[in-house]
């Protein structure tokens, strides 16, 4: 057996070979076109304990995201900014390969790509959530978990993170300011809340290249066989706010070809979010 | 027991929270299940039996059962660090120990069976709910077991013995008694208690938890039956 | 050789086989009855550097416990409570199996069982050791180490922890309150002390079941051969404050059978503590 | 583009910072190189190809490329803990991924090649400078490659697209676009961006970065030629 | 040296603190010993020689000596985290290095010998007290040695060279010089110093520490003789 | 092949055998005498981002050291003292054996030897860098990295650390005291600086013994073949401030013989520092 199948189960190997055969004929599992996303289901408020949450199904990929707020000290070089922490884990339930334990480079890369999309897009007005400059600000935690991994984690996790943030409720900053003296004794979950208004919605689209053919939303088997994987994150203005070449290389022309496809697809996902009540 | 006694969430003393178990919810796992019990939402994935790695750690006469109980960062009132806490390590151990009594490990020498329990939302009594779901996931994976394992808790809140302790009751109550049993073999395989109980109260709580476990055992069977029927349907469809 | 002896030395295997043969005849090493504890020796004040300490010999099992006090910040959800931290390690001197390194699940379980006994019993009046609510409280460290492990660590470590706490001296809370301004510069070991009055004494008793027979205080070899191990912790009032099924399963009747034995034996250990000057 | 536009450090928009690459700077490594780009000072050591250890992790059909990007505690404005940060782990991955496209790993089954990148002083665009130096170090180690890999960044600062983003420009600018290419095969092997760019700006920045990379490619070749000549000299000396 | 000079604890300059060594104190270890020196209380357990694991790390021509010096959380004035500190890691190394000079490791190829030093109470000069006890534990385990290893410290306190530095003297004194020797082979196997000493003072302190070590060597022998006699007695009893 | 060469490359084995053969004839590589150091090059200010820095070449051993200052809380038992942290790593570029990852015992020993030399020598006036006693003091970080390891790391790293400290500039303590209210928002790198005046210069000299012969400045191959390695650190007054027996044992006479050689060589290195502008 070829070495490239090391650590793969037989079922996975069959899936991978099948994906390759189909792509060679410009086909995909379930009669999907090269530029079609799988079914997307977005449900918000799935975790009542969090300030915001969402569960996203992208085909058989399942992601849960939760948003939490805490009080903390700002970084010394940005005393007037709230703090954002985005951390994702691929749970060991997600696949045979997924392992328990501290995040590996794959999980760190995914988290950081989604972090950059949220951070650079202007989605969050960081200056709004400062209680006392240089002393106390709101720490925004976005945690997401991959429950089942059938590929294209980034697009799914980005949708979940964005939906959780856009539907979150935040403890009233004004209330915290007024009660700052008791702040050590305040349970932040019991503070009156208001809607967490996001100012932009970044959309991540991951594009694959297989033998020169461009395709979107690769599933787990396709991720193994494509030569190239690249993610573009777009704003509602059409601007790009983040790019990440995840795998392989591409020609100069392919950079712009994949960018164009990503842009088109970002409009599509944006529409799906809107249909779920999430828009600017 | 006065019948008009009401608990913080309106339940009677011997009433379980609303519950629902679903089997076969994860595509990649060999077996999986989900339990919702009140606001608890727990997902379990089972992988195996598969060759144990590294080989020198494998056992020649039976499989190794691995179990991880883990809480998502957003599952609790205060954000939980994703790093395993001492509590999670203890619970992983007692849950594994309970399931080891049921799984026929001797059937799979040199192998391992991995059970991953992910608490997505926690609202008290997660350890026993986890066992209940894990047992269903093992059954779906086709792992031979001497009996199902099903868990339930009881406790003492405001002087009263009550069933299926919720989060607030756990914090404000006087005692918590989680148990897990093999319902047909009539054996206790998980038993913990903390708080204060007289021997009489302990007995009352224990028996109440037993009753709760038996009710959840019916739900386990229902979930597995549901899955079998759904699979038959799918088979039927693909045969059409 | 059978797989169940993996990682065991020859001497251990002989001990285990011997224990099994004896128990089959209702006998134990050293003519001990099934319901007899081994010799218990309790010595307090063995670590002068700690605020409280004890060394306990239970047969050949040896445990040292030390109590320390520090100032710290209370947990946000219990601003009016002192903090208790119970941590135990089985030192690598204790047996061939014992390993150096961070606590494993066995050490964590033991520590948490003893922690719960102390915490739930009401032994410590947590509200008494608050300096400034929500800001400064006393942190109570109970550290214990198994020096030699011949089984039944929990009962021995619980006795050591309880004896160390009951004979500890604590820095005077009143003194700390008066000198709170200099508190950063205070060496806590130099503050005048008073007796640390405990309000309850929890006693842990571990019961084994071998082929349906109930026995107490299992030694290391017996721990390997019993089907079941369960610990009950009792208060002076006869109430139970903690239970932990450590190994195996048991019938519903056996739960109450072992509970009754544990209760009887708790009275016995309580008497031994009293003979060592430790009582309410 | 107005020609009299000046950047914070006096550069024109399409001007690289002063640069200098030296090959063969470490005695013990199989290959090594140093790059200075502005105040960036980066040292790369390559060890291998060598037998992979532990053996069971080795690949039967190719070598494993290991890459560590690491910053010295004194390399940054605020002291950096020597423990690898999440950023360093991500950069190690994208740099390795870029170099894997060039190195002919199939030539060395069962082996591994280790690339250690040590950022001694950081002043923006360290990832692309690291790749540029690593490629030279691999060449010195005699590792066969399909092409050199060379990196450069562009970005948008004060509304203007500029080449080779420095630290202050990165912090205060609107966007950063680091790329790495195989200059003869005309392939992009590293591509990241963060900030805000229209598609037009992205194109302009991408093309500017390409131009910068090609200039640095000449410096890579010069550094390797220099080394070869120095070695010939030394050989000559020892033959005298 | 004025004879009426008194130290903080009333000792004369060349006087050891009260000491006592006991061999064979742990039931499970292959060899063990305990030393009390002032308030120092240190327990040592030796396991081995035993097959080294994992096998690929074993040495074909000699045993591997492992040594861990570790302080209990309650052993020090401020509570010590149980996690090994940098100091503990350094001391583990210098103690192992000292004992490696004495143990005839070539006698046990492919094996390992583990020395676990647990400082239960610390009051200055623990590293040399540890070596002294470890050497006795190795002897009890029957590990062949070229010579015993025995340690002692000297130092400078209030301008005076004194023997066996206690904790307060270490903190307030001007210099600390711990040494360990093989008393019959007359070789130094551990030597450290910190503080300030002229060459003359260093010589004086070194020679004083030597003398102290020789006194403790007698105690090592006494402890081993005691143990042998106790074992003979026990044997006698069991023969009766 | 003999076991002592386990984990060595062929080139290293050849070097080691060569070193042994040469030392047997009282010779060393490059016609070096037993008591000769290799060429030493000291360059300061090599890391502009640090408050002080130096790069030292000792033969083919290369070390970079950087000094940083931060504000921090003093240790509770030394409220009137600045804090010194010396940490060194042998980078994985340095040799085949060098590994990435947390410092191992070898790196920790080296760091602690250099730390003790700096700390015990009185080089730094720790009381001078206290902002508010018991509350805020300056933390002095000395980080050094071995870039290439050809032996005698300690002498080289000590020179680098000492040179970096002696040429460092420190944020003005007076300025910080005056602006203490804004201290959370101050970027310490932007505070006006003054020269960091060192009050002593400790010099470390590592001596080897091979078959009874004393030699200085062992290279990597020689370190493998010598029986003994010992480091003495001297002050400008001729006093010793630190000793560390690194490897092997030595007779009582050899202690004093190696000490005398170290003393002589310390004068030589002191002179080289002086020629580089570094002196008291």
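When the chains are written out, they are named A, B, C, D, E and F in that same order, and each has its own residue count from 1.
One rule holds in what follows: contacts are C-beta pairs under 8 Å (C-beta built on N, C-alpha and C of every residue); 3 or more make two chains touch, one makes a residue touch a chain.
Note that the coordinates shown come from a computational prediction; the quantities given were computed from them, not determined experimentally.
Under the contact definition stated at the top, the chains bordering both subunit D and subunit E are F.
Ranking every chain by how far its Cα centroid lies from the centroid of subunit E, the top place goes to A. Farthest chain from subunit F, judged by C-alpha centroids: B. Put simply, the C-alpha centre of subunit B and that of subunit F have 57 angstrom between them. In whole angstrom, the spacing between the mean C-alpha positions of subunit A and subunit D is 28. Between the CA-based centres of subunit C and subunit E the separation comes to 31 Å, rounded to the whole angstrom. Shared contact sites, meaning residues of subunit A that touch two or more other chains, fall at 76-77, 103, 187. Counting only residues that touch two or more partner chains, subunit D has 78. Partner subunit B is touched in their complex by these residues of subunit C: 2-4, 6, 76-77, 103, 105-106, 108-109, 111-112, 116, 119-122, 230, 235, 238-252, 254-256, 259, 263. Considering their complex, residues 46-50, 53, 60, 62, 64-68, 70, 87, 89, 91-96, 100, 102-103, 141, 143, 145, 147-150, 187, 189 of subunit F touch subunit D. For subunit B in complex with subunit C, the residues that touch the partner chain are 59-62, 78, 86-87, 89-90, 92-94, 97-98, 101, 177, 182, 186-199, 202-203, 206, 210. Interface of subunit D with subunit F (complex): residues 26-29, 32, 39, 41, 43-45, 47, 50, 68, 70, 72-79, 82-83, 114, 116, 118, 120-123.
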